[in-house]
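First the structure, in the form of structure tokens, and then the observations on it.
Chains here go by letter, A, B, C, D and E, matching the order in which they are written, and residues are numbered from 1 within each.
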Amino acid sequence: MSASFSPGGLLRRPEAGAALGLIAVLVFFAIFGGLTFLKPAGMASWLNVAANLGVIAIPLGLLMIAGELDISVGAMVPFGAMTVAVISGHYGLPIWLGVAVALSFGVIVGLVNGVLVVKTAVPSLIVTLGSLFAVQGIVLGLTVLITKSTSVALTVEGPAKALFGDFVLGGQLQVMVLWWLGLSALYIFFVHVSPFGNWIFAMGGDKVSARNAGIPTDRLTIILFVLSATSAAFVGMCQAILYNSAQVAGGQSFIFNAIISVVVGGVLLTGGFGSVVGIFFGTITFAIVTQGIYYTDFDRNWSSLIIGVLLLGAVLMNNTFRKMALSATTKKKGAKV
Amino acid sequence: MTAPILALRGVNKSFGPIDVLHDITLEVKPGEVLCLLGDNGAGKSTLIKIMSGVHQPSSGMIEMDGQPVSFPTPRVAAEAGISTVHQFGGTFPLMSIGRSFFVGVEPTWGWGPFRVYDRKRANAIAVKAVQDMGITRISDGDRLVGGLSGGERQSLAIARAVHFGARVLILDEPTAALGVKQATHVLRIVNEAKRRGLAVIFITHQVMHAMAVGDHFAVLIRGAVAADFKKGEKTREEITDLMAGGASMASLEAEIEGFMASHDGHPPPPAE
Amino acid sequence: ADIAVVGGSNDDAFWNIIKKGIDDATPAVEANGGTVTYLRLVNYDNFAPDVVQLIRTAISMEVDGLVIPNWVPEAEDPAIKDAMAAGIKVILMNAGGADKATELGAINYVGSDEYVAGVAGGEYFAGAGQKNVLCINTLPGTANIEARCKGVIDGITGKGGKGAQLPLPSTSFGDATAVAEAIKAELLKDETIDGVITISAGDADSAAIAVEQAGKTGATKLGSFDMNQAGLDRIKAGTQAFAIDQQPYLQSYLAVSLLAANIDFGTDLPVFPVLTGPGIVDAGNIDATLAGVKLGAR
Amino acid sequence: MSASFSPGGLLRRPEAGAALGLIAVLVFFAIFGGLTFLKPAGMASWLNVAANLGVIAIPLGLLMIAGELDISVGAMVPFGAMTVAVISGHYGLPIWLGVAVALSFGVIVGLVNGVLVVKTAVPSLIVTLGSLFAVQGIVLGLTVLITKSTSVALTVEGPAKALFGDFVLGGQLQVMVLWWLGLSALYIFFVHVSPFGNWIFAMGGDKVSARNAGIPTDRLTIILFVLSATSAAFVGMCQAILYNSAQVAGGQSFIFNAIISVVVGGVLLTGGFGSVVGIFFGTITFAIVTQGIYYTDFDRNWSSLIIGVLLLGAVLMNNTFRKMALSATTKKKGAKV
Amino acid sequence: MTAPILALRGVNKSFGPIDVLHDITLEVKPGEVLCLLGDNGAGKSTLIKIMSGVHQPSSGMIEMDGQPVSFPTPRVAAEAGISTVHQFGGTFPLMSIGRSFFVGVEPTWGWGPFRVYDRKRANAIAVKAVQDMGITRISDGDRLVGGLSGGERQSLAIARAVHFGARVLILDEPTAALGVKQATHVLRIVNEAKRRGLAVIFITHQVMHAMAVGDHFAVLIRGAVAADFKKGEKTREEITDLMAGGASMASLEAEIEGFMASHDGHPPPPAE
């Protein structure tokens, strides 16, 4: 969080390790993936992936900085997609209604998660695991009930299409990339520039002390859960509009992918430390690693191995840096999960 | 006689089936240091948590300037001018000194939703406040709190409370982990706050510290106010006995000192 | 010619045979100075967006030809059209069908169809005298998999029988015992079920145990989409009735070869579409099939 | 851990909540599932599922009590299955060799996990997420390289079949159920009766203090990781022998399922609290919830929803009890993830 | 003169680039209490962590009974008869009193791999040890440690160390969070340990406590031994100044007391 700009201070910032990890994988794939990987079309390929993941990863990362976790995003993506597809595709109602309902379902699930976490002592991992299953069940059950199918088509035109699900800038980049950049800028403002960010870090550092210091921890926790669930629903909705269709499906890969991006981005799993820029870099790193494989000549069967090793390497690198940054911080003990 | 700033009237507190505080009536006046004394588990921390909005009383009333008030959250109490250093926690190891100092009350510039955290000002104020506490080594407000020693962190927390303590300053065992020098600094700060007309509530287990700053003493024994007296009304020995929960400490102290004397400061031969 | 092939999940048996076909066709392409790149989905979690993403990746690689299953037409069509607009020649493989190929302007369609394959399975059950078939879906909601079960149900109901789908929650995906016990439970609960079909060869291993455990060996016939060694062994031993085979090896082998030859030499096949299935492997043709399995092509 | 046998003490034991949860779901499904659910074949149905899950959940639960997590079990199940299938099926080598190699791969992966967690400061969630991907890659890559297929058949007969992959007691129960009962008894002995268990609880309570108290925390951590990876490989191996076939895919559901079972069993996610008996009950509860659905008349499309709600209910119930048990333990703050 | 049990010879310790201890030479004899004094951050805890096997010295030597030894882990040090109560932690909130007491050295019966934890015996010993410390309220060894008050927990940790401290007992600020009564109990225990012929190393920031039990004093200033003297060789004022890291505390204390005196114990009128 320190905002000093000395070279030493720069290295001590949470995003330093993430930036180095990003450079490392860029070099790796520039060598093994060749030129196409760095051409505009190639860049669009991993930017698009990063954008969809990043819009979810940043609020999830903020939750993790605040010491919580949200697994239910995995189910919110298909929920958002299916909601808009059923309302505006199956029933043919106005797209804006579909968008509004999809987002408000995000808000509702986020509220339920947040209130359950705040009011009960159940850890958020378990609460959101429960809502993951529950929402999966709702999506499958309702969709089949309403449409007798698990795949619903949707055609959107006009401003809604341009705003949520189209390609921009030469037809390579999804409009989601712009959302991602814009939202990232907003998050950077609120987390690192406005005073609210301080509250999130304080909460993650020591929730009791944060409350004693006058921070409305309960309200903030609920807001963060609403943010992550709604962002996931938003991504699902945009995907449905972009791809003209929505499927009922797990969406579980978003969970692990987002968590990995956040951790590669330098957020401490135990809370209290991290940065939006770091998460941003971490998301790009993850997208490059997973997409870059396609540009190499490695046998596809080994891609999981390469991803696993690269990610572990990135986190290790990141950790070495964090250690350097906090070399004097030794008394902080805590559950290391 | 000045009117009390903060007063508890017949406050009770229980956690589920456990009664922790019984019918507490206490008041603190501006420019006065109230020393809250008592054995481990007597309920001192619980009492001041009620005053600072962390806990709600099970029954009874809190009055400020003679008006009944309630502090549903610590924020409300802070806004009423009550500033507390709790016994545990209070600083954030992974945050910078400036940010940690201003947690929850960040200085900003700009307007509306675009208020911007004023890092420069926060750091400058925080560093100055800490240096005023005698910790002159700290000069960079961007340093992480985790890099400070326990005593330095404690001083930071106290500096924070003093800075925001518009009217009432509550310190829960602020000197427990501190070295002699740091503890003396804290005592000086308490006196300084008193001089500025704040009301101070000071919890300690060290009679010397209590006697050095206290104007008014309240002793809790098993959750009830067992004694409430002014400076000079009781001797050090009487206060010590009260702090020990009513036990006669004289005999215990005599025992230890007697032992030392009988061996003339030298250890006995090792036991077989 | 530089060819990109988009395919299914990394560890899916069916798509691994597709890969064998691609690998076998590759030397011929490379002999003429081309390359073949296989773009596989990592999983089926985020199906349509991921497939489209792979098409876009292929476009960004500036390939000359694209072999692509048209699983989710609404989603994929715009991307395929973009590929064509970028000068990429396209062959539809495995999913989509002849009409779609014509509509999009693809060179050809090579494959069977999940739905048609399912119908074939349902009709096979009907032909064997089964009346009530349960289709076990361990990936509910996934478009291509749903089509399989829908086909089966339509196939059996079309012949006067009864069919239903059993969607298993994600908690049991990959847990052989959970799948087996779920099937067993259904068999115990509904005594009239006399046919079970699974959407993958691996699930059939569980289903075989489930049928045995429910004490329905012989009474309840077992079928599966796709095949593995264990399944074929069961067909040989008589504990499994059949497996639906789309001959995936041929799909990719032919698609890649046809596309490369079209780009490099301008050849064109008069056969349209090129159908590789559905074929049914049962006791009648088991031995020839087993030989192919040994080589990883079936 | 308290071993008092007064009625009050009984309610305060970590397994009390789990037992009540178990009874609740049993009653629920006895009502909605009818008689078949309670007949021997019905009971075998959830006992078999519980056994396979339970053999993994107990060591994973011990890791969680010790404050760590192991995600890589999700890849170890197919790894164990594939190893024995390749060695004894594809190559036709003796089954005992296959068993030995499958288990030793489990030991190796466990060692790697454990050493990485102990030697680096990377949280175990991330380390084992990395090894999850890496092992998945290795299984897929090696299997296809060796067998040209992702599914390998295996026929085992004789004592190995009877020992690892057969049905016993009337042909309904998998032999795994016996392993599960036996292993559970062993774990109960070592965790609750022998002194070693104390070390695990102490480690989870406060790792630094535990080390200072003379507990070899590093060695113990590594042993626990070896235990969980090997148990997962063991389950995979037995499944391959039972089902005569091994697939590359799958196994990921074991991760969430095992974590849920452990938490439903009353283990504290932050470590330091729990019991083997609790995990045992938690596993049965989970198995009943997921399998019981098939005995009811509920529409199968809603099963995820029912699972999510029932599990959340079980954890909530459990938590209420834990709170009662620890009503006086209020100063324990910590990262609540 | 008895030979030292434990001695450090020229011990240095650095954490990465930070030098914490410089060339420490110290020894402690049986039946003797060594008081380790010093400011916050002087290196006291680091020093005793080296003696108890938590940290390894960067250079220098540890001797036991005149023989060089090394303590690669806390376990080795414990087996050599060194028992430590660290400044932080040491108890396990979610464990029973009996189990917490015996962590790492559980009493068992049976043999080989089938040794069984002897709950009855562990509870009985633990409860007795804690009651001997004056905490008579504790009678059930199955109670969870988390249910005890901070002072009770501290007492439990000390009782544990005393019970296992065959030869050397190290206490790092054991009285910091304790009430007057409990602190007196701890001091009594230190004397009792001394009487039994143990060597005791006692860290405190309270001069009174140090003077009540110490036979021998070592003062650390910024990681080096600044003074090493016997009981009676220095006055309370001199010791206080040394504990404050060499600062002259007399002036500070005078300042506070002077203030109090000048106002005659009454607060000044509230500042405007």
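Just so it is clear, a residue touches a chain if its C-beta (ideal position, glycine included) is under 8 Å from a C-beta of that chain, and two chains touch if they have at least 3 such contacts.
The chain list, named the UniProt way, goes like this: A, D = Xylose transport system permease protein XylH; B, E = Sugar ABC transporter ATP-binding protein.
All figures in this text were calculated on a predicted structure; none of them were measured in a lab.
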item: Partner chains shared by chain C and chain D (touch criterion as defined above); value: A
item: Greatest separation from chain E - chain, by CA centre; value: C
item: Distance-maximising chain from chain D - centres being C-alpha averages; value: B
item: Computed distance of Cα centres, chain C from chain B, in Å; value: 72
item: Between chain A and chain B, centroid-to-centroid distance (C-alpha), Å; value: 42
item: Separation of chain B from chain D, taking each centre as the mean of its C-alpha atoms, in whole Å; value: 48
item: Approximate Å spacing (C-alpha centroids) for the pair chain A, chain D; value: 29
item: Of all residues in chain D, the ones touching two or more other chains; value: 136, 140, 144, 206, 208, 252, 256, 301, 303-304, 307, 328, 330-331, 333
item: Contacts with two or more other chains, residues of chain E listed in rising order; value: 89, 150
item: Chain C: positions in contact with at least two other chains; value: 10, 19, 140, 167, 169-171
item: List of chain A residues in touch with chain C within their complex; value: 36, 39, 41-42, 44-45, 48-49, 52, 74, 77-78, 133, 136-137, 139-140, 149-151, 153-155, 171-172, 239, 242-254, 290-291, 294-295, 300-301, 303-304
item: Touch list for chain C against partner chain D, complex; value: 9-13, 16-17, 19-20, 140, 165-178, 180-182, 184-186, 188-189, 201-202, 205-206, 208-209, 213-214, 228-231, 233, 293, 295-296
item: Sites on chain D touched by chain E in the complex; value: 1-4, 9, 189, 193-195, 197-199, 201-202, 205-206, 208-216, 268, 272-273, 325-326, 328-332
item: Chain C residues touching chain A - in the complex, by the definition given at the top; value: 10, 19, 37-40, 42-49, 52-54, 56-57, 59-62, 72, 74-78, 82, 139-143, 146, 167, 169-171
item: Chain A-facing residues of chain D, complex; value: 67-69, 116, 120-127, 129-138, 140-141, 144-145, 206-208, 252, 256, 259-260, 263, 269-271, 299, 301-309, 311-312, 315-316, 319, 322-323, 333-337
